[in-house]
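Chain nomenclature is as follows: A, B, C and D, assigned in order of appearance, with residue numbering initiated at 1 for each chain independently.
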Amino acid sequence: MEQLTPIGLNHYLTISAFLLGFGLFAVMTRKNAIVVLMGVELILNAANINFLAFSKYNGGMAGVMFVLFIIVIAAAEAAIALAIVINIFKIFKSVDVSSIDTLKE
Amino acid sequence: MFELPSGAEIQSIVATLQSNVGFFIPEIYLSLLFMFLILLDLVVKGRKNNILPITTLVGLAGTLFFIYQQHALKAGELFFGMYVLDEFALFFKYFFVLSGMLAVIVTMADEQFDREVKSMGEYYALIVSMVIGMIMMASSADLMMIFLSMELVSFTAYILTGYFKRSPRSSEAALKYLVYGAVSSGLMVYGFSLIYGLTAETNIVKIGAELAASNPNSLVMIFATLLILAGFGYKIGAVPFHFWSPDVYEGAPTPITAYLSVASKAAGFALLMRFFFVAVPHGGVPIENKLSIDWKTLLIFISIASMIYGNVVALWQKNVKRLLAYSSIAHAGYLLLGIIVIDKFGTQATLFYLLSYFLMNFGAFYVVTLIANKTGSENLDDYRGLGKKMPLAGAALTVFLISLVGLPPTLGFIGKLMIFSALLAKGSLYIWLALIGVMTSVISLYYYMLIPLNMYLRESNMHDDKEMNPGILAQALMAVLMILTLYFGLFFTPLADFAKYSSAIFGAVLH
Amino acid sequence: MLSLIVFLPIIAGLIILAVPSSQKQIIRIVSLLAALAQGVLAVLIWKGYDPALPGITAGPGGSPLGSFQFVEKIPWITLNLGSFGPLNIEYFIGVDGISITMVILTALVSAIGVLSSWTIQKQVKGYFILYNILAAAMMGCFVSLDFFLFYVFWEIMLLPMYFLIGIWGGPNREYAAIKFFLYTLFGSVFMLLVMIGLYFSVLDPVTGNHTFSLVAMATQSNFIKDAILGPDNVMWRYVAFIVLFIGFAIKVPMFPFHTWLPDAHVEAPTPISVILAGVLLKLGTYGMIRINFPIFPEVFQASLFVIGIFGAINIIYGALCALAQKDLKKMVAYSSISHMGYVLLGLSAGNSEGMVGALYQMFNHGTITAMLFLLVGVIYDRAHTRHIEKFGGLASYMPVYAAFVTVAWFASLGLPGLSGFISEALVFVGAFSSVTTRYIAMVAVLGIVFGAAYLLWSLQRMFLGQRRPDAAYDLVAGEDGHEHIHFHDWKGKIDLDGRELAMLVPLMLITIFLGVYPMPVLGMLTSSINKLVEVLSPVILPQL
Amino acid sequence: MHSLIQLSIVVLLLPLLSFVILIFFNRRLPRRGDFVGVGILGTAFGISAYIFWQVIVQSYDPAFRVAWDFTWINLGNVPGVGPLQIRMGVVIDNLTSIMLAMVTLISLLVHLYSTGYMAGDKNYGRYFAFLGIFTFSMLGIVLSDNLFSIYIFWELVGLSSYLLIGFFFEKESAADAQKKAFLANRVGDIGMWLGILILYSQFHTFSFAEIYAKLAAGEFGLSNAWLTAAGILLFMGCVGKSAQFPLHIWLPDAMEGPTPVSALIHAATMVAAGVYFVARIFVLLTPDALHVIAFIGASTAFMAATIAITQNDIKRVLAYSTVSQLGYMVLGLGVGAYSAALFHLVTHAFFKACLFLGSGAIIHAMHHEQDMRWMGGLRKNMPWTFATFTLATLALAGLPLTSGFLSKDAILAGAIGFAQVEGGGIYYLIPVLGFFSAMLTAFYMGRQIWLVFFGESRTHLKPAETHHAAHHAHDSHDSHTDLHHAEHQVHEVSWNMRAPLVILAALSVFFVYSPDPLDGGKGWFMKMIPTPATVVGQANPQKGSLIAAATATQLAGAVPEAVVGHAAAGELPNAASSHGQATSAHTYSDLRQAEIVHAGHAAHYTAIYISSVMVLLGIGLALVVYVFNIIDPEKTALAIRPLYLFSLNKWYWDEIYQATFIKGSMVLATTLSWFDTHIVDGMVNGVATLVRKFAFFNDSFDRHVVDGAVNFTAFTVNTIGAMLRKLQTGKVQTYIVMLILAVFGYFVFYFTRLIY
């Protein structure tokens, strides 16, 4: 199986780029607030993959540490987000992000 | 591959930490205050009395003392370069604590809270935590620290924005703020990861050195810069990262609007300055290298866009809070002007402008709150004839607005003066920016003057000319703010010196 | 002394602030006293003024003393700007021949203005506070010798003016007020940039620091050669000159930046029109003389012809527009545009005769136009209309008023024996003597005829002949057989009453006296003007 | 300071005093203080008579001149010029003293006359005040020693004539007339002012003496064309004041003023001031300028005469005759008959004043009937008036034994000489027009005399309503006419109106001026007022010809008089030898003048013959038409109707001006003010409407701010704003899209910039 090149940095980067793209796509297009937030998670995870990959290839633990913090932050964010979304649902009886546009010009 | 640290190393690490704690007192103190407030809230059962706010005020005031003590300490890096203590950071520590106190005061004045929510609960605690976050933003020197502090600020801000749980506007604002903020911080983190990839460092000083040494691929670099700017730009609310601000400012409780528009914007600027002045190499060398040129052009675009967009769109606003939101976008543009000229004078001008902006914007929002208490509206048309009913409020608001326009003899004029001076001192290349600046400030006159126009030149549609008295305390505070705006407009030496003192840290970096 | 004359109105304003708004009479009296005190001080300054000292530039040893008089020079703000050395802003005021005439004029006109504000009934307190701020700011502009100080005063003027027009003005006041505000601000923001640019280009010969001092700026040798506005930087010097000029021209107002003036005048209450025409317009030309020309002499020399052209346009265009007006006040407003054109023409001559004429014209226009607007106000108070066609035959019924109007009108059309003539004559003498503007002057004299035309025509339509059928007044047969005039809902004296006479008589006496013997004013001007002409003359230009 | 100077200053200031007293206190004084005016003028006349005696009779010196001046405006040490002052002063020479006496005398007489004529007017006192200020300004013109002060007083007489023409301001016609007069004069003054400016710009002085000295010294920096221009422009002042073509239109209308005023201002003094001024500047007029002047004078004389023959208003006939006579004087100056022209000025002043006062008496007696068609047969009722009027008429017509004959004749002789010297051709037009006008003059004056004094009274023929109107037009100022109005019987006027007539008539007889009834040249006047030597000559003075040099030396003392000895005499022996006494005293500095004067004297007798014939023709024609009725005027009028109308409508000048200048400027004015409000104030007119579409809040304020001047900016700004704010949809995801677009958009932009 010599034609299989070993997994290299660029593979990780590609993956993370794809993740970023998916995340942005979800954030931009999905109507459901929850899904939008999942898109955000995807973006963060794309960053995570980058960090890990770089920390593996550049040496040093900083990236890994960073990832840990990002995961924690993401969790906290999710918590707050859910609270707000629930509140929104109480008021608007919907979690459709695009339909909530009373504040505008 | 990662060998474990030996005992000796661990000892030394612990020692450093211990020694550094001494530099960390204000933050620790604030955290204690935060917890204390939560406990206190449990005691008072969120009843609406002045215990919580007063405590908060006293506590924050106490912080000032500790911050003052830090002047004595020698500036330097703490916690292995995670965190720095310098005049620049101190400046913003004062700034944020004071704005926190003002936010509390405005909250006390705002009667909307009595209508909207039953318990003030953790409101004040959140404000304090936001102060902590911003202070750390201003003094963090490591990507990780930056990220953490920013998120801390953001999260508290989300909650505070949505604090009126039963008001649709507030909640909607919170949601928008959340989504937008999350996305842009996500992008920022991605940008961080790229930087980390290029330099294998997370400490911005080291990053700067690394970038200066190895000339990185500018395409990747600009991409990272853009993503990071998306994060910072959303904090400072500059075009094109501003879209959240009008809606959020309009929806959020007025004190929070004021707080966001002043403090978190300032925090964003603190971060922006520190990151780019330190991380992006341009400093000592007379010939600026490509990177700095790149991000400078980027900032020029952003600032021009902000000045024009903010002022032009503001022309159409009928809601005063929204109008001020757009004006804050425009002011972000003016502040950026000061950063673009990468030198000490420019930094000083920016800091000075932040101070003036702090005073006049809080003043304006305060008066708006008081008026809203009486008229129950933030609508431009409901300001008709208020000049007669609330003479002092009218006068004060006029002064603040004039200051926002940048006319003498107010503080805002001096702020603009210093920004433009910095540009012109830099030479003819920057004159065009100055020209755009003055042009847009002429435009801004038009919409700012709409408010005095309605207050004085037009008769109110309801014909009761009885005076509305916002209460002696509020009157006094208004008067103080107004007089400060005027006084510093005429004798601005102390503020300017303070700004210079605080911008000294960049002396090494900036030529 | 000067500080006192500047800040007296502010003090009065503070006192008024303390007075309860119900005490209208006290408020009026306080401001009147302040204005009179200003007048007294002005007279004292005039007495103590030594016309021999030229002013304009620094005296011996680069110090303003020995050249300017009543100088007060106190450091106001000093900062360390690091690489740009200390930022010095000084509270630096003083007078020379150019400013002292304007100081006297300002004191006079603002006193008159207070008197004519007596009829203001709405929000008297606010009115007089703003009025006093305005008065102080105007005075400050004329005495300040530090560009920063000048700019501050200059901008402070805008807001009170905005409210004075906007609150106490006529039906269309909002529009006029905001128009005035935006126009003038537009002019002045660029002044701000030029000011900063000058600061970085000029060194104070004494201290060696950058400075805002206009006195230092008036000497070309104080410029840093390669600074942004230094002698080497020709392009930016031109830009700066033009920008400054436009800034001042808007105040003058110079065609095509004049359109705010008719609106402002028509809407403004009488005293504000008096102030506006009597003093504010002068600030434009004063700014040119004090700042624009001495700082950029070579550009000035290069643009003489253009300035002259604009002056001539102002003269003729204003006169023709006035000819077509039906609203008396609008006609007077356009007449001031026309008369300020003479000032521009005189300045463009660039020689002593022309400049002296211009300065003198500024002074005379101040007094004469104040008179015109007061007289317009008199009839407007009575008839509540200013429509020229709605009168006729007034001379038979209001002889005193008619007599005053006749004198004022003839003064305005430049009749010899009245002050306006001498200034216009000098302007033409100067403009014609300079080869650059000779042909412009030849065209501009047409303004004399048109001026006579619109003034005499309006005089005839309002005062001569018989009452028009649709006149704004009725005639009732008196007991003595003669017919008497009667304005509905006007209780007061039909002909001029005491207060109006008290305003008009001094102005009229001044007009006549200065028309017969101009030296009291010219004597103060000449040395400064000759000095100015030297400063401006091409020979002493820095070698570019 | 010379005693005469002091006296003359007193004379100058006395009338001003009378003005001040009367304008403020006339209501407090008995008889409205008319005695103040008369008394003061009496004193003034006394003093001027003394000056006249001193200068003319006592010291017989053609070159007499004393001057005094003081610094009026001191411009300090002007860069490039040195110490610069504007000086004011008075000068007395023969001409001045004569003018002084004349002006004060006539003014005195008019004051006296007015006490009768204006009695009972409700503004009686103000009237005398105005007369006072007029006299003051007129004397100012006479005494000024520099152009600037002449210009000042020039405008002041304009003012006083404005005030006096409009004395009955309740009449719209009077108000129109006064405005017209002032504006027409202003037009003339512009020219004069420009002329002054040309001279000043070269010499930085206004004083005659200095200007002439420097001119003679050849210091005039500009080309000779400029000098000619200066001359013509200065002459424009005269065109305005002396009602020369094309600015003559105001004078007939000026008859709206009270008749004594017409006599004083619009016949005797002010209108003559123009001629006086030209005489003052005579020496700097270049030959070309003189030609222009001569032609304008001639055409004015002729045109006015043709108009006068058809007018029916007694005062209008006189007004046009005045214009015509002024034309003569200007013509005289133009052809170089300097002395003759000034001579005519004086004589004309007296007899024309007499005529006007006479007509005033008639009008007064006729209860303000001015139309000659309704007069007639007055000689029986008003013998005094008749006698004096007739005498003055003869003088005006220029019959021998009258003063008018002497002066007019001298002018015509000069004209002939001029024509000969200039080489005939077109130049003969000038004397021809002169003589023809002489005939016309005789004709229309004869017509007037006959219509007014002979035949039967035609009052009853007058159509009632016009009569009524005419009466009501005037009753505004006169109360006592109403009493007499009932019965229509005319009687002689009172003594205070009669005396002036007699005096003036007496001054219209030849022996006052010259022993020889046929030659004014032998009289004292023309001896005392010799033609001054020009300071420009035909050649450019710069060339420094012998003559110019000689002149310069002569003029160094600023004596406007040239006794250039043998230099010139050598050149023209015949000129030196064969002059009459009048000129034998002087020879002339430049050939042209010398020849003209010489030829003029040669032509003296021819002139007499021709003019006498012409005058007789004119009178004869008048008799034929109006006495023997051989020719019926109506029929003739019908026969030559176009010509008749042309003359009756004053050559349609008023209509032409109305249609061109006045209409023109009004149209221009309205257009410009429209332009001002719509274009300048709205940059682009369409913008306003366009913007309203974008204007969101619809209260007036914004609609206004959106159109208008500042508001072109406001427009663009608003539109941009309106477009940008569309981005703020309120949907958070659009915001995010924007964000992504911004980031990647810039990235792409940067990428492309990186590639290229």
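Convention: a contact is a pair of C-beta atoms (placed from the backbone, for glycine too) under 8 Å apart; a residue touches a chain by one contact, two chains touch by 3 or more.
Keep in mind it's a predicted model, so treat the numbers as computed, not measured.
Engineer: Kindly work out which chain lies most centrally, taking the average of its C-alpha atoms as its position.
Structural biologist: C
Engineer: Return the distance between the CA-based centres of chain A and chain B, expressed in whole Å.
Structural biologist: Taking the average C-alpha coordinate of chain A and of chain B, the gap between them is 27 Å.
Engineer: Cα centroid separation between chain A and chain D, in whole Å?
Structural biologist: 98
Engineer: For chain C and chain D, what's the span in angstrom between their mean Cα positions?
Structural biologist: Centre separation, chain C to chain D: 37 Å.
Engineer: Determine the centre-to-centre distance between chain A and chain C, using the mean Cα coordinates as centres, and give it in whole Å.
Structural biologist: 67
Engineer: Please list all residues of chain D that touch 2 or more other chains.
Structural biologist: If we look for residues of chain D contacting two or more partner chains, we find 701, 705, 714, 725, 728, 730, 732-733, 736.
Engineer: Show the residues in chain C shared as contacts by 2 or more other chains, in ascending order.
Structural biologist: Residues 174, 178, 182, 186 of chain C each touch two or more of the other chains.
Engineer: Give the residues of chain A touching no fewer than two other chains, as numbers and ranges.
Structural biologist: If we look for residues of chain A contacting two or more partner chains, we find 24, 27, 36, 97, 100, 102-105.
Engineer: For this entry, which pairs of chains touch?
Structural biologist: A-B, A-D, B-C, B-D, C-D
Engineer: For the complex, which residues does chain D have touching chain A?
Structural biologist: Going by the criterion above, the answer is residues 725-726, 728-733, 736-737, 740.
Engineer: Quick check: in the complex, which residue numbers of chain D touch chain B?
Structural biologist: 696-697, 701, 705, 713-714, 717-718, 720-722, 724-725, 727-728, 730, 732-736, 738-739, 741-743, 746-747, 750-751, 754
Engineer: Under the definition above, what is the set of chain A residues touching chain D in their complex?
Structural biologist: So the residues of chain A in touch with chain D come to 24, 27-29, 36, 97-98, 100-105.
Engineer: Per the contact definition, I'd like the list of chain B residues that touch chain A in the complex.
Structural biologist: My answer: residues 1-2, 143-144, 147-148, 151, 155, 158-159, 162, 165-166, 168-169, 171-176, 178-179, 182-183, 186-187, 189-190, 192-194, 196-197, 200-202, 246-247, 250-251, 316.
Engineer: Over in the complex, which chain A residues touch chain B? Could you list them?
Structural biologist: Residue list for chain A touching chain B: 16, 20, 23-24, 27, 33, 36-37, 39-40, 43-44, 46-47, 50-51, 53-55, 58-63, 65-66, 69-70, 73, 76-77, 80-81, 84-85, 87-88, 91-92, 97, 100, 102-105.
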